[in-house]
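Letters are used for the chains, namely A, B and C, taken in the order the chains are written, and counting of residues starts over at 1 for each.
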Amino acid sequence: MADTMELRDIEVWDGNMAAAQALRQVQVDVVAAYPITPSTPIVEGYATYKANGYVDGEFVMVESEHAAMSGCIGAAAAGGRVATATSSQGFALMVETLYSASGMRLPIILNVVNRAIGAPLNVNGDHSDMYMGRDSGWIQLDAYNPQHAYDLNFIAFKVAEDHDVRLPAMVHQDGFMTSHTAQGVHTLTDEAAYGFVGEFQPMNDMLDLDHPVTHGVQTEEDWHFEHKARQQHALMTAVIPKIEAAFAEFEKLSGRKYNLVETHQMEDAEMAVICMGTSVETAMEVVDELRAQGIKAGVVGIRVFRPWPLEQLAEVLKNVKAIGTLDRSSPHGTVGMLYNEIAGTLFNCDTKAVLNNYIYGLGGRDLTKAHVVGIFNDLKANVDAGKLTTPLQQYIGLRGPKLSFF
Amino acid sequence: MEKAGWDGFEIGAMLRTFDGAIQNIATTLPEDRAYSQSSSFTASVADWRIEKPLFNKDYCIDCQFCWVFCPDMSIISRDKKMIGIDFDHCKGCGICVEVCPTNPKSLLMFPEQKDEESALVEWPKKVKKEKEDEVGEE
Amino acid sequence: MSEIKKIKNLKEFSTSADRFEGANLLCPGCAHSIIVREVLNATNDDLILAASTGCLEVCTAVYPYTSWDASWIHIGFENGSTAVAGAEAMYKALKTKGRLKQPDRVPKFVAFGGDGATYDIGFQWISGCFERGHNMMYVCLDNEVYANTGGQRSSSTPIGASATTTPAGSVSYGEKKNKKDMVAIMAAHGAPYVAQVAPNKWKDMVAKIQKGFAAEGPVFINAMSACTTEWKFAPEDTIAISDLATDSLVFPLYEIINGTELNITYRPKNIIPVRDYLGAQGRFKHLFKKEYSYLIDEWQTRVDAKWEQLQRREEARV
């Protein structure tokens, strides 16, 4: 039996420590992992807890990220609680197996500490890896700070392992900006944290020797479509209600409230920026300052990236006149993902909002408050003109001549 | 299995081999197993065959070479005796005939439509030793 | 440690209840199936199985059918080893935590892969599993070719074989590279038990599988799998071709214990010429042209040298 750890009500943790503590508190059975900056401390944390008797699961230090997720899949199919962490190139190497995990309906939790993808090589935070995962069939939750990274892990286990869901889930946090920035984190006791997620309930487990199962079959044109449809049906219909229920239960337990779509000053906002990760908190500060000047600005943060909260976003944005979508990933050949998703979300609504797109922060480049003020100046001009007054896609925080497209 | 709609099967394309629980599978013979409709045991590859092996127990010495080398679990042996061929799963490869050491062979290939009775009537007799190698070719 | 199944002779072996089912989609005469049967029937213990993508995998779990009577998993081409290693890690975790559903039963963990999955694309994954010391058996179904994708060369394809990516042609005798010595590489991992087996020598094979199951740690089995489709011989000749392979010493049968102790387990009474083995297969047909006769001589020299090396290692016990 693993030892419990006495935590202070508020610990000073960075995002990696917060995630590692969450993995300890839910007593993950198997962690198969491979180190990569900036996510490494999460699995080092689990290894350290094991070395000191705080967890009694298995830590399997494999030889690549592909093997890490392969081992996680084997372990999850065997029947138990499984988690790992990765970033960037490692995430890219895992991609093949991400599709296997979701297709086989195995509730693995992957902490993704978001980082740029080379070339050129870069260890800092942007959202390229998170975006790469968006068609892989996983639930994707986004943390903006270490507290979220801690809390969202509990939500992820609870939802993913639910027998009505049985889908893997990623908890995203920004590389370095969250993962290595220590902040006060309100903790749960070991007992409360484990109690919230609950004992792992096996399903279709290989280790049930009385009920042999075959996992990972081949399906061709006569079956594949139906299986993929069933997977999509679960992701589209079962997950959102389960996340909402988990958020509500978590609020009762911790007093901390999460939403599918996070909003700040949106009640009467004329203009809004939509972004993810640490940028949400930067934008919130700017909006508070603009509000003091009488400018009706607001912020929308994506909390649940997959499944995409289309209806909730449409509702939040229905009265906004200008929207700036901020993508921290190079879209390479088109507009940013958030622009595309928001355009798709609003297309059949009555909105006449003017929509534009900003590419920012690649490879860990700072997004400053001045940048966000500049974006709101653009949005104000669009509100006043009732049409786009700037190029559709603009790069911000980039050296050299101004770069924009469309 | 019928071709079910998208909501008509287990999640993750998972298949169960048996209906209900099974213990001691390694010592439970096929006839005592509750195979589910997902087990290929319930399917047939009989239509793969052009020729089929037929068995003449008069010459069989129960050496079990045919059993151990059959790639398709189609030699039925019970209590250390060869008792027949599983024609649902036999693909007609002919290995059993090749490895049969008796003279004449206890297993021979015949056209798929051949009936067992007339095959047994036509079964070749013991041949002289120097020609033994050619028996299988008849 | 569970009891080792008693298999004195073939009659006794034939009382086994197969845990691998017919109406799978393997070719008529496929040796893969014979090998799988000999492996699975070597024990009465519970089994947790994995397979890498390849002939065995695509022919035994095509929805809505499975040919497996034990739990089985497939993820991809490269990671059958790691899939079963992950399951083994979960078994250990649940054992520690007292959450096994049948705590008195100790399953064996076995992964199967072809030579493509083993010698090539899955090499790193297997090496990782062996270095970490998982309690598992990895069985390579070595048919010396990417048979599932239609006959491309792998690093197990021997010199002179015609494969679709190294075809014999007017100016080429086919594959130019010597077969990778995977058995030696796996033994170099310090694995407790490594062996080369062939399905025609069923007793040798079953004895080795049982030794492997009794070992603590990762076990590597390289199983020669004569491929009727890609080696180009008639389906009924699978065992005869296998006999030519083992009796010509093209596939010598031996084991290596703890990376050092090598034992030759089969010494043919009459060693037959390599030429006879090559001549029985369509993939080597072109070697019998006059201009390539030197290649057959070289083949014989290589096989003799390997046999000599194995005997010396056996004698030296290093």
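Everything that follows uses one rule, which is that a residue touches a chain if its C-beta (ideal position, glycine included) is under 8 Å from a C-beta of that chain, and two chains touch if they have at least 3 such contacts.
Treat the numbers as computed from the prediction; the structure is a model and nothing was measured.
Counting C-beta pairs in contact, the pair that comes out ahead of the other among A-B and A-C is A-C. When every chain is represented by the mean of its C-alpha atoms, the one lying closest to the mean of all protein C-alpha atoms is C.
Rounded to whole angstrom, the centroid-to-centroid distance between chain B and chain C, based on C-alpha atoms, equals 24 Å. Per-chain Cα centroids separate chain A from chain B by 54 Å. The centroid of the Cα atoms in chain A and the matching centroid in chain C are 43 Å apart. Residues of chain C found to touch two or more other chains are 46, 61, 63-64, 66, 68-70. Among the residues of chain A, those in touch with two or more other chains are 210, 212-217, 219, 223, 227.
In chain B, the residues touching two or more other chains are 9, 13, 15, 17-18, 25, 38. Here chain B touches chain A in the complex through residues 3-18, 21-23, 25, 38, going by the rule given at the top. Those residues of chain A lying in contact with chain B across their complex are 103-106, 166, 204, 210-217, 219, 222-223, 225-227, 229-231, 233-234. Chain contact summary for the complex, chain B toward chain C: residues 1, 9, 13, 15, 17-18, 25-30, 33, 37-45, 48, 62-65, 67-74, 77, 79-80, 86, 88-95, 97-99, 109.
Those residues of chain C that touch chain A in the shared complex are 46, 48, 50, 57-58, 61-64, 66, 68-76, 78-79, 82-94, 96-97, 99-102, 105, 107, 124-125, 127-128, 131-132. Interface residues of chain C facing chain B in the complex, by the touch rule stated above, are 10-26, 28-34, 37-38, 43-46, 60-61, 63-70, 199-200, 202, 228, 234-240.
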